[in-house]
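Labels run A, B, C and D following the written order; every chain starts at residue 1.
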C-alpha cells in the first residue's frame, strides 16, 4: 500500500534501481482514451538521465513496454502495466558502499526499517522509481486533456537565482527547464559551478494546472492542497511545498490575501486556485522545494553498518541539481492528483464532474 | 472517504458548524490504552474559541462525549466515536450571507461542487471541523506516549515577527503559543493591531516530534514527508509546509545540507528527521504556513449566488490570527501521522516496529 | 478500517451494545438527495427488537438522530453521522458472564484478539452494531431509487421449511418476513417450537435487486459477487452466501447453466444477474445462510476466562430465529454494495454510469 | 483499485489473456522472507493448462519472472512485481467471435461497462488473470509458513460425486485434485463424460487453513468470513461460498451448532474456525461453489454486438471442469486473506499478532 498513490486513479510503482527493471500499474484509467506509446516515451525522455551537460551522464534508454490495458491504441479501462528495463546498472560501482550509509541518503533508514537492503544504487530509494510515475503521468495528462485540463511546469529557482518570468514555452528550450530564458542562463552557470566543485545545489520547481473547473477536490482530509502536498513531498529530495501565495502570505494581512472574485474570475490568486480544499476555477499553482542532491563527490564522513565511521567520495555520475529532472515528475504528480479529483467529482455528481 | 485520514489508524470527522454537532470516529486504536475523558477535554480546551483577547470571542464549551470504544477507562480496540454538540451557533448572523460568497472562503466552491450548501458559518468548511481532529489527536498522543514519542508545537512567526528560541515550555504561558517569551509579546502586539484594524494576519506554526525511532514511514508514495504534507495542508487556512531545512535549502549546497551521521546521532537536521521518507531517529520537524484569516471586518467586494457583486463587512467574532488555535490541531495531525506510521511498521516487522 | 464498508460510498459503524449508543458515518453520499428522518426510522423499526412473538422481547426504541450531512431535508454531500442511544441495556444481566465465554459467541476470540473486552451483551460483537448499517441502508435505498434501482428481500427458508413463492408484497405481512404466505405459517411454527424448547433455528434469507443496469461492478478482485460475498458474510451469524444458481449449479452442466441472452434479456438467471463480476441487467439475486442463533436457554458447557469450564443457561430475551431481523440488514448491505458500484461506474464513464 | 485485494498485504493483478503478458504486484510483503523462484513456479505449474486429459490442452509454460522486491534470495519489503508472458495466445481463434457475446461469458457486460473490449480470449475476464494470484499466493504461503500456518485444498465435489474423506496427501496424486482417492476416480469419469459430450460440469472446492492462532480477523465489516467471501467470489466461475457448517446449518438448531469449547479446543467446528469474524484457533474451513465452465462445444444461441442472435460452437481447448485448476487459486486467495489478517493483528498488538 505504501507504493500506491490515489484512491480512484490508483498508481502503483515497483522496482529497484539495479534490479531487472522498474515500472508501474495504473488502475482506474477510464476506457476509450487514445494513447500512443510514443507519447509515453516522450515524457520518459524528459526524465531520463544524460540529457545535457548539467544532468547525470548515466545512459539509460528507458524504453517503455506496455504490458496490459491498451488494445488497438485505446485504453481498455483495465489495469495498465508498464515496464522499463534497467540497462545501465553498473552495480559494481556500489560494492565499496555495501556497508556504508551514504550521508543524506536513505541507506541507514532502509537498514533500520527492513533489516535487509539492496545497497546497489539506492535500490528502491533511488530516483529511478519515478520512471513509473512519469509513465503514469503521461496517461493522466492525456485523459485530462480530453476535459481541457493541461499541466505545465518548470524550474523557477536554483540557488539564489530566481526566474522572474513565467514563459512556459521556454521550458524545453533550456537545459534547466526554466520558464525564463535569461534566468535559465544564470541557473545553468550556478549548476555548472556546483558540479565543478564536486558539489550540488538546490532549487524550486513550480507546477501550474490550467483549465481545472471549480468543484474538484474535497473538503477536510482530502483537500486538493493536501493531495498536492502528499504528491509533491513523495518525490525524492523534496522538502517543502506551497500553494499559491504559500509561505509568503505569513507576513501579510487578510485584506491583502483574500482573492477578490467578481463573479466571473479571481483578480488575484493567493489561494493558488484552491479554496477550502476545492478548485475555484483559477490556475492551480504549486511550488516545490528541491534540496541539493545528496550524492556529491566531495569527501564526506559516513557511518558504517558496523557502527563506526569512514570517509567516502561518491564516484559516479550524479545530478548536480535535480530540478530539471524533477519537473516532469512533479508535473506527473500534479496530473495524478487531478485525475483522481476529476473521477471523484464525476462519481459525486455524474457527467458534470 | 474524503473525510478520513490514515490507513491503519483511520480518523473520520463529521459535522457542520451550525448543525447539531461535530465529531470523529477513530478506527484502529490499539486496545488497552488507558485514557481519561479529561485528557481529551484538555486538548479540546486548547483549541476552543474564547481563550484570550486575541482569539475569537465566541463561547463554545466544546464538551466531548465518548460514545464508544472505551470501557472502564481503557480503549477496547473497537471504533472510538466522540461527539461535541454545537451550542453557540448563532445561525441568524449568517442570514444576510445566504446568497453571498465570502472572499477567501469556501462558499463559492461548495456551491459549485455540491449544488447545495449549508451557508451558516461555513458549514462543513468551518474550522470547527478540527474539533474531531483534536479529540483524535489526544488519543493518538496518549498511545504514542506509551512508546516514548512526544509531540510539541508552537507559533514561530506572526507577520514579520519570528521566534528565535524554541523553548517549548513557554508555549502555554502566552496567548500566541510561541516557544519564545520575548517574541510572543511582539507577536501579540501584531495580532492586536490587525484586529483593531478589522484585519487579520498570517504566521507559521512549527511542530516537533521527539523520540521517533528510525524506521517509521515508507518509501516512495507514502513517505513520512508526504503524509505530513497531506496532514498539514488538510488543516483549514494552511498553504505551505516544509520539513527540516525546507525551502531554505534551495539556496544551499549538498555539502552544507547532507546531515552528518556519526553512527550514533545526526550532527545537523536539515532532513527534519526523515530520510528517503523514513524516520532517521532525529527530531521530526515540520513548519506550516498559515494564511491570514479570511473572515475580516473590513469592507470587501463579494460575488453573489446570482452572479453579481456586493460589498460586505463580516460581523461577528473571528480570529485575527489563527496560529494560536492551529497549534493543537497541527500537533494532532502530527500525532495521527505518527500513529499510522507506528502501526504500519509494527505490521511489517512485529514488536520491533 | 475494520469497521468501514465500501470504497466510494464508505459506511463506518461504531458502538457497543451496552455503551452509550451505536451509530454510523456515511462518507460519499451524493448531494441533493431528499430524505426524511421518518424514512430512516422506518427501516430501523423493521430491524428493532420486540416486533413480534418470535423475536426477542427486548424493548429498544432505536430512535435515530441525524448529527450531520442533512440540511433543509436534503443531503449536503458531506458525511452523514447518525446516532441511536442504547436505552434498554440491562447490563446487570451479564455480570454472571463476565468471565465466561458463551458457546458460539465471540467472547473468547475478542479476549484473544484484544486482551480486553466489554463483556456486556457481546459489546461490539452484538447484532446491535447492525443498527448503523440499516440507517445507512435507508439512505442508500433512497439514492438508488433515484436511478430506478430497488431492493427487496425476505426469509426463504427456516429449518426444513422452504418458501416456494417469491411474492415480495407478502414480506411485511407476516412476522417471519417470508415472500410466501403459506410457508410463512409453517416457518413461524418452526420458530415457536425452537423457542419453546429454549433452542434456536437457522434459515436462509434472499435479497433481490431490480433495475440494476448492465455495467455495474468490476472485473477480478472487486467483482460484484465478491462485494456481495463480503457484504453478506459481514452480517453476524451468516455462514454462507450464493449468487443466482449458487451451490445448486455444482451438480449441473454448462449447457444447462449458461443463461441464454436473446439480445434483449436473459431467458434464465443462473448467473444471478452478474457475469464476470459485472451486472448484466437481470435481477441481482443473493441468498444468505443464517446459522441458528447462538444465544439459547438450554444448559451448555462453556469455557471460563480462567481456563476451566462451567455450565450456563443464557437468560434473557433472545431471538429464536434471526432471519426476520436479518432481512432489513441484508437488504441494506445489498444497497451499500450497489451504491458503491453505481458511483464507481459513474466515475469511470460519467453520467452513463 | 478494482484489481487489488487486501489492505496491508495488497495484491494487484494486471494483464489480458492475449496481450503481452499477465502479472502481479505485491505491496506489503514483510522483509527477510527467503523464497526461491522455483517455489513460485511450482504453484504456477499447479494452475497452468495442459496438466492432464481432463484439463484444457492449451500449452502455456507460464514461466514467471520476478522484476523487483527480491534480492539475494530474500524479500526486501518493497513491492514484488512478477510477470508471465503470454506465449500460446492463438488470437486468430477469436476472430469469428469479435462481435458475438458468448453465453455465460463476460463479453456482453464488458462491452456495456467499458464501451470497448479486447475480445480475444475474454481479455481481462479470462481465468488467465489468476496467474498473478497464484504467484502472490506462493509468497503468502511462504510467509505464513514462518508462523506455522499452512493452507491445503482440494476438489470435494464434481456433479453429484462427493468426496467422503479429507486425505489432503491424495490431492496431488489424482488429476481432479480430490482428497479422496476413490471419489477421485468417479469424479474423473464424470468430467470425461461431460467433455466427451462437448459439455462441462460444476463442482465444489474446499480450502482448509491449519495453525491459525485465535485473534486474526476483525469484527463487523472486515470479518474473516467476509474477507474469505470476497476472496473466493472474486475467482472466476465461483457462485457460492460457505464457512464451516455453511448452508447445512440452516436446517439445524443452536443446541446442535454451538461448538463446545473445553478451554483447550473446540469439539466441533460448525463455525469453520471463525467466531464473530475472528479466528478461534480451530481449522479455518471454506467451501466454494464452482459453476460449470461456460466455454462449451455444444451449439448455443448467442447475442451479437449488433443486437441480433447467432448460433455458435466454441472451438478450442477448454476445461470441462474448472475445479482442479481452481484449487491452487482458492488456496492462494485463502493465503492472501490470512496474510492480511496476520499483519493487521500484528499492527494491533505487536509481535503477539
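Observations on the structure shown:
Throughout what follows, contacts are C-beta pairs under 8 Å (C-beta built on N, C-alpha and C of every residue); 3 or more make two chains touch, one makes a residue touch a chain.
Since we're looking at a predicted model, the values are computed, not measured.
The fewest steps needed to get from chain B to chain D, moving only between touching chains, is 1. The chain pair A-D and the chain pair A-C differ in C-beta contact count, and the higher one is A-D.
Greatest centre-to-centre distance from chain B is found for D, with centres as Cα means.
Note on chain placement: the centre of chain C and the centre of chain D lie 26 Å apart, centres being C-alpha means.
Measuring from the averaged C-alpha position of chain A to that of chain D gives a distance of 38 Å. Centre to centre, using the average C-alpha position, chain A and chain C are separated by 45 Å. Of all residues in chain D, those touching 2 or more other chains are 1-4, 7-8, 13, 28, 31, 77-78, 113-115, 124, 219, 344, 348-349, listed in ascending order. Listing the residues of chain A that touch chain B in their complex gives 1-5, 7, 11, 13, 101, 103-106, 108-110, 112-115, 124-125, 129, 157-160, 194, 197, 199-204, 213-223, 225-234, 236, 238-247, 249-263, 270-272, 275-281, 289-296, 298, 300-304, 307-309, 344-345, 348-349. For chain A in complex with chain D, the residues that touch the partner chain are 1-4, 7-8, 10, 12-16, 19-23, 25, 27-28, 31-32, 65-69, 71, 74, 76-81, 83, 113-118, 123-124. Chain D makes touch with chain B in their complex at residues 7-8, 28, 30-31, 77-78, 219, 343-344, 346-353.
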